[in-house]
Amino acid sequence: ATACGGQSGEGGSSAGASTLSVVNASGALWTCNFNPYAPASGQTAGAVWEPLIYVNTLTGKEKPWLATGYKWSPDRKELTFTTRSGVKWTDGKPFTAKDVAYTFNAAKANDALDSYALWGEGVLDSVTAVNDTTVRFRFKRVSTSSFYYIAGQTWILPEHVWSKVKDPVKEMMRKPVGTGPYTIGSCTPQAVTYTKNTKYWQKGKPKVDKVLYPAFVDNQPANRYLAQGKGDWGGQFVPNIDNYWVAKDKAHRKYWYPPSGNVYIGINSAKPYLGDKRVRQALSYAVDRDKVSSDAMYGYQPPANQAAIPTPTFKDWLDQAAVSKYAYGFDPAKVASRLQAAGFTKGPDGMFKTPDGKPFKLSIINNGGFTDWVAAVQVLTASFKKAGITVEALNLNGNEYNRRLSQGQFDLAYMSASSGPTPYYELRDVLYGAYAKPVGQDTSRNYERWKDDATDALIRKYDTMTDKQAQIGVVKQLEQVMLEQVPVIPVTQSVSWSQMDSTRFTNWPTKQNPYANPAPYAAPDWGVVLLNLEPVQK
Amino acid sequence: MRTLSSSPDTTPDPRQPLLDITDLVVEYGMHEPVRAVDQVSLRVRRGEFVGIVGESGCGKSTLLYAVARLLSPPARIVSGQVDFAGHQMVRLTEDELRPIRWRDYSVVMQSAMNALNPVLSIGAQLRDAMAAHERVPAAQMRQRSEEVLRLVGIDPIHLTSYPHQLSGGMRQRAMIAMALVFRPDLIIMDEPTSALDVVAQRSLMRRVKALQEEFGFAVVFVTHDMSLVSHYSDRLAIMYAGQLVELGPTREVFAHARHPYSVGLLGAFPSLRGERRELTGIPGAPPDLRHPPRGCRFQPRCPKVMDICREDPPPYQVGATELVRCHLYGPGAPEHQEPR
Amino acid sequence: MPRLIRRLEFFVVTFWAAVSINFLLPRMMPGDPIQQMMARMKGQITGSRRHSLEVMLGLNTHEPLWKQYISYWGQVFRFDFGSSITYFPDSVTSVISIAIPWTLGLVGVTTILAFVLGTLLGAVAAWRRGGVLDSVLPPVFIVVGALPFFWVGLLFLYVFGVLLPWAPIGFGYDITAGQLSFNWQTISQIVSHALLPATVIVLTSIGGWILTMRNTMIGVLSEDYVKMARAKGLPSGRIMLQYASRNAILPNLTGFAMSLGFVISGALLVELVFTYPGVGYLLVQAVTGQDYPLMQALFLLITAATLVSVLIADAVTYVLDPRTRGRA
Amino acid sequence: MSTDLSHTSGTGSTDDAATAVEAAAQEDDNRHRSAIGQLLGSIAHNPKALTGAAVLGMFVLVAVFAPLIAPYDPHATDYGRGVGPSGAHWLGTTTYGQDVFSQLVYGTRQSLLIAFLVGGVATVVSALIGVGAAYVGNLVDHGLSLLTDIFLVIPGLPLLIVISSYIRGGGIMVMVGVIAVTSWAYGARQFRAQALSLRNREFLDAARVRGERTSYTVVFEILPTMSGLLVANFLGAAVYGVLAVAGLQFIGLGDITSISWGSMMHWAENNEALQAGTPLWDLAPGLCIALLGASFSLINYAFDEVSNPALRPPRRRRPRPDRKEVAGANAVQQP
Amino acid sequence: MTAAATPPHPNGPVLRATNLTRHFRVGGRLGRNTLHAVDGVDLTIGRREIVALVGESGSGKSTVARLLALLHPVTAGEIHYHGRPVGSLRGRRQRLDYRRRVQMVFQDPYSSLSPVYPVSHAILRSLRLHRGDLSATERREEAERLLGLVGLTPPGEVMRKYPHELSGGQRQRVGFAAALACRPEVILADEPVSMLDVSIRIGLLNLMARLREQEDVSFLYITHDLASARYVADRMMVMYAGQVVESGPAEQVLADPRHPYTQLLLSAAPDPDAMREESGPDDYGEPPRVVDPEEGCRFRPRCPLAIPVCETVTPPLGELTPGHSAACHVAALHKSG
């Protein structure tokens, strides 16, 4: 590997110490504030702060972390964690269950810290440390899906430090005290270095001594940096990556973009004709998902299925038979049959007219700031046009896009949703009627305002279950809703971006060994990855 | 070192010309050049006051700047010689010129407002002239500056003044003071008074004349105001369209102008005191120097034009004390009537 | 002295206008920063987090505009612009104060360099009219001046940073070195990182100064006082400096002052292209991140800097040009 | 005038254009044409202007005949992804499968449109405000001058960025408006200064004494004398417009789905065109912007040269056929 | 032809101004200094009369002409045209009529012609505005005639030239021709010959005299050149610092100047007929104070004859001999004494 020979000696780090550089367009300079509540904190979760349980979003597998185990009460209204003993905060104080209880109760006292609305939406009732190693969560209502947020996405903070902080929101935390494998070495707005926590509770780990995490506001400089072989671990869209990056060192440079969610066309069913499921189905048949994926995304984001199940990540959850039956894919004939059934007619120019004889015209709002989305929508409108539907692309400024999206002021909207360790999280985000607000009022989920009692019942049912097979059954029923009702049209799958160079570090997560989400911006996964990496011995 | 305070170290031979201009030709531009000075020959003796008059645009300033070697492109000296106190001015390089500039001859420009650097004080401008030529202690420079300002009637307070703080007349006098910092042999003055009021004009001229008589420098003085020069100059040169058409002692020229142009010029002067009589001007307009008329340049306007005038340029004719460029006085001229 | 009063009036009114525009502009724009933030975080923030963020950023209070305006003035006088939204909870003042040295160092130095070099070259070109310099510089810099400088930046970056990796391809210093400290090594690193963007800025902006200086200088050289200086037999160096250049520079001073004031925002695109952590970079971020407080403070800073530079230029002109003094 | 910004104006080209026009024409011997005609005539003799005009003319032709020149539909994505230059695709294709050359050709339209619109709008606004201030005088002058000075001091580019990020997708007209709003001030100052200098010119008084109406005086006496400034302003604003729009589109503001040079560069940059095998996608539009900008600047500069002969490069002396030097026939005799 | 003095206003004055005053505010909006350009000037121009207005540079001569041409509003005072106050002119027609009858030749020929039009522009516009009966060709012919009249030949060619192609003197004559175009009754000629070569200057002066004889045109002839004023004018007014200090028949004023400023002026005027005359006081002609002037004679600081009363009382213009007045305490004393 000659292409990356120049980088190893850089930086004057002490002999033998291994430094890993992360190249990720984080979008802002670092503030050197490592307060985990601050929206612009450095990347701390996973490296400095840790969760109770590591939940792998790609496999759904759980791994004991700061908790060695947990137990649901039979009525699912009580959850008890056993915390790990022998774990020390980096200032030497021991970690106990009290820290866990403190962390959750702080969010109860302060709305601003309640990141997952666990208190705000009436999920949790109380959190108490039973003893030094046991902490008990009492629920107001059953919500098994909250487990992911409680165990996997809440970073446990040291009570002895945070209880002295006056306003946790405004605290500028330069030297955070955590349990994680790393502490903050140095920080400037342009780069943060993480150094190894030598007293980390997982003995012998981490093996990477130092992590350099520069701040890239934009993809281009990050790509350039990566291309020069200065980075070991990339985390953004790299155009033409095979040519641009991999080709220069095929042996070491690998990328893996596991799908974790979908990018959708939201359909505002409040608009004329769009309330008709035949029209929505027609729209879905008019989407050339393959072309969007290949032309706008270099194929990096694979085409989605109408069931909205990212594959292969969640292939167990997919009702393949149902998907095949509907056979959503670019199919002008089906578009025509569905639309004609709904009373539409085809004009002499090949474009459809509404039942009252007017041209059928829609617009699609899009965030003009996302280059890949703009490209995708360009392909989309062309594909709609081919199928006989006029769709005008509105590439709006980010704010305007967000405003229209959250207030439901659109015909179609190109949009994404947030995902979790099972497809349920995303389906709920998109379909749950409780999130739907009347047009004109803000919402941050279910933008297309799908409201269907049967769907809502399914979503609630899942939330009471802990058995995976039962859950799959519910999700398959939700898939049926997607396929038949087409509330939204999944276009491409969204992926985690990750480029990995094994010249200096090996044991990266791979398709075969998906021990964590490989994206350097995924938390806490990136910490898990760092713990698994092995420096190459020189 | 020749300064005002030191006595003259040489007694120049008064008959030896100080400045000897021979057949000087100056043109502006490359294609279709304007021949602004054409075959001008002129001698100036030490201590002499020579006036040059002529209409606006006839080449007076160009002649002066050519002599002082201050022309800048597109003007250039095409041919001719200028001998100044033994220096062949036309051939000297800038570096060779520098030492004699200002020490041996100085120049008073047409417009003092523009000729004084607006951002330097009068004192600074006097000083840098001195510093350029000799090493003088600051105190002595200051003393000399005050001295020359007093000579021209300006309060030395104004050493620290900037040009815009002085009135037009004061600026002109400051220029003259500057020209006197060394005691040059020759001062070239280009319409130093034309921007001034008649009252100020007269005072200034008187002062110049007095200084000249005191220090004995020669003055070449350009104006288009005939009456001004009539009072102060020893000899008078009249220019027309780039050429010297008549040269002679001032009184002589005023009394017996020979060249028809000079005659016309003098005839067009209403008098302030004499009897009121109707005057006639010279019809026509000065020629375009880019396309001068054939033959004599004055020929299209000349009341006494002859055939030969339309063909041949007239020679520079010789009289006892005067020179005239006119066929009327040429050797092969038809019998010409002596004017008056 | 009426002149002074007029200047004061200008400064006060301009400052007021700038503050008011700063206040109004972001408020006239629809949209909301949290969604921007959520978008930037690539879905790391779930929808349910929205409320907590609103509370955190204090965006859930809705005062009437005039009240906001008044308290905004209070902030301006206290130099307290609150917390940045992008960099919450870091204060705007601290975010900006970190960026400013980089910009001042890069853009400030290059602006001055471009002015000094350009003015010198322009003066020399005019002085040696028709010489090699004079026939080569103007046409070359007319063309160079019209080049889109982000494009030049990209090309430079590609050629000197990527093809022949002579120069670093981003950042203000060698980030692998960790914390910045004051020693020769760090300084030389900083200089080497600034070299490429600096070259681009100087190249694309020097032309303007060369051309204006050359043109004014040519005008000045035909003035009688320059001729007079020659007549006085002054050495040419002195004529060029004391007589020609000094007078020719005067009309360019205000322009220079304004460009100095714009230093802070001026090389925005260059900073962006070169990932240079200066104020311009920050501004683009503030704009795209809908970071009102940061945007406002930056705007104000830029305007104030311009005003102050103009004030200084006024003072310098006052010193250099006696004509501006004498008049009552 | 209220502030001294205007007393020390930035460039040497802010000369009183009227005198400049005079001076220009003085040089030229074309007697019987109007001053503007003469100006155009002299520009035709200026190599810089000729170069600029030729380049500009070429772009105008390309823009007008874009559909004839461009071999393909610039939007179509059917030509192979990231293909290098070939006979079929002179400049290759983009990674989206579009023909780069066709995009370049169509992109000319927007850039030229912007150049001319920005030039026009900014010049009209500048002239209106500048001349208005000077002609009406007094309080109006004071107010407008202050406004001008404020706009001069308020940073234009950042303002432009803020506004255009807000109106993203608002189309090219909005862009033109915004650029004009942020760029009129400098011109207005020049117009005002010139109009003020005209106030002291007696030909306006002469027109009044003749009995002309005010409207006639403004339109037929004042404005024509400013033709030089009008043109210079137009050209300057046009260059600024082209560069500003390109810059904004480059950083992704403005309408990046339209076919233009700026958006081409934006897409090229986002797809790492330089290093991912399609460098012409990035280089060609940049070069075109540079060429167009340079052509405007060249014309502008040449215009300066023509209207101010002092700025012209001195011609080398041509050896002339030996003209018969009139023999200095007569020696000067000692009087 | 002899420019014999014609009796002053045979049929009453054409133009009469009383207490003509014009102040300019200088020094900015807050400065509020007042420049007294013209202060209380009384003036009459009779039919077929040439009145010379002489005086120092900046003494307000041009301002007087501009006031009469209605280019500046008056600060105080009144202008009567054939007995009718011009303030009572109403509507465009009446104003246009005044414009036709009272024309002005501007002082600066470099700025008084529009650089973008051929020099015929002003003449043709004037003909178009005031002599609507003429056809386009007639207008051209008339313009050519006028240019010929002022000695610009060949007129056909001169017409097509642009101002920059003409010399200052030529431009001055174009301005003169433009003023003649509408056949005015009065021409306010502001230094119309200052840039002319001596030889051509006299031609234009002769033209003025001829116009007066043949077409009954009156002139206000503003000049610095006392000799030319004497040559052509009937009456002469001498201005100093915004005020008329002496006025009377031209010949008489020059022969017997009563005001010390007139005397100074006269003594300074160069006269080739009187070579090397070295009399008169030395005076550099420092400009008088016209910004916020104080009470008292404005010439006082330069006056060789000043007496204490000059410090405090502004001398009125008093008649010394019939038709000849001067504003001087000393002169008045002499008269009475």
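Each chain carries a letter (A, B, C, D and E) given by its place in the written order, and its residues are counted from 1.
Here is the rule we go by: contacts are C-beta pairs under 8 Å (C-beta built on N, C-alpha and C of every residue); 3 or more make two chains touch, one makes a residue touch a chain.
Here the structure is a predicted model, which is why all the values come from computation and not from measurement.
With contact taken as defined at the outset, subunit A and subunit C are each touched by D.
Comparing the CA-atom centres of all chains against that of subunit E, the greatest distance is found for A. Subunit C and subunit E, compared by their mean Cα positions, are separated by 56 Å. Averaged C-alpha coordinates put the centre of subunit B at 33 Å from the centre of subunit E. Averaged Cα coordinates give subunit A a centre that lies 90 Å from the centre of subunit E. Multi-chain contact residues, meaning those touching two or more other chains, occur in subunit D at positions 165-166, 269, 275, 314. In subunit C, the positions touching at least two other chains are 3, 6, 29, 129, 162, 222, 250, 272, 284, 288. Under the contact definition stated at the top, the residues of subunit B that touch 2 or more other chains are 73. Those residues of subunit A lying in contact with subunit C across their complex are 6, 10-13, 19, 21, 27-29, 31, 33, 35, 37-40, 111-117, 120-121, 169-172, 185-191, 193, 212, 214-218, 221, 224-225, 227-228, 261, 367, 369-370, 397-400, 402-403, 406, 416-419, 429, 435, 443-445, 494, 521, 523. Interface residues of subunit C, counted against subunit D in their complex, comprise 3, 6-7, 9-10, 13-14, 17-18, 21, 25-26, 28-29, 129-130, 134-135, 138-139, 142-143, 145-148, 150-151, 154-155, 158, 162, 211-216, 218-219, 222, 250-255, 258, 261-262, 264-266, 268-269, 272, 283-284, 287-288, 295, 298-299, 302-303, 306-307, 310, 314, 317, 324. Across the complex, subunit E meets subunit D through its residues 29, 66, 69, 71, 92, 95-96, 99-100, 103-104, 106-108, 111-117, 122, 125-126, 129-130, 160-165, 175, 178, 182.
In the complex of the two chains, the subunit D residues touching subunit A come out as 75, 77, 81-82, 95-97, 165-169, 252, 255-257, 266-267, 269-272, 275-277.
Contact residues on subunit B toward subunit C in their complex (touch as defined above): 65, 68, 70, 72-73, 94, 97-103, 106-107, 109-111, 114-121, 128-129, 132-133, 162, 164-165, 178.
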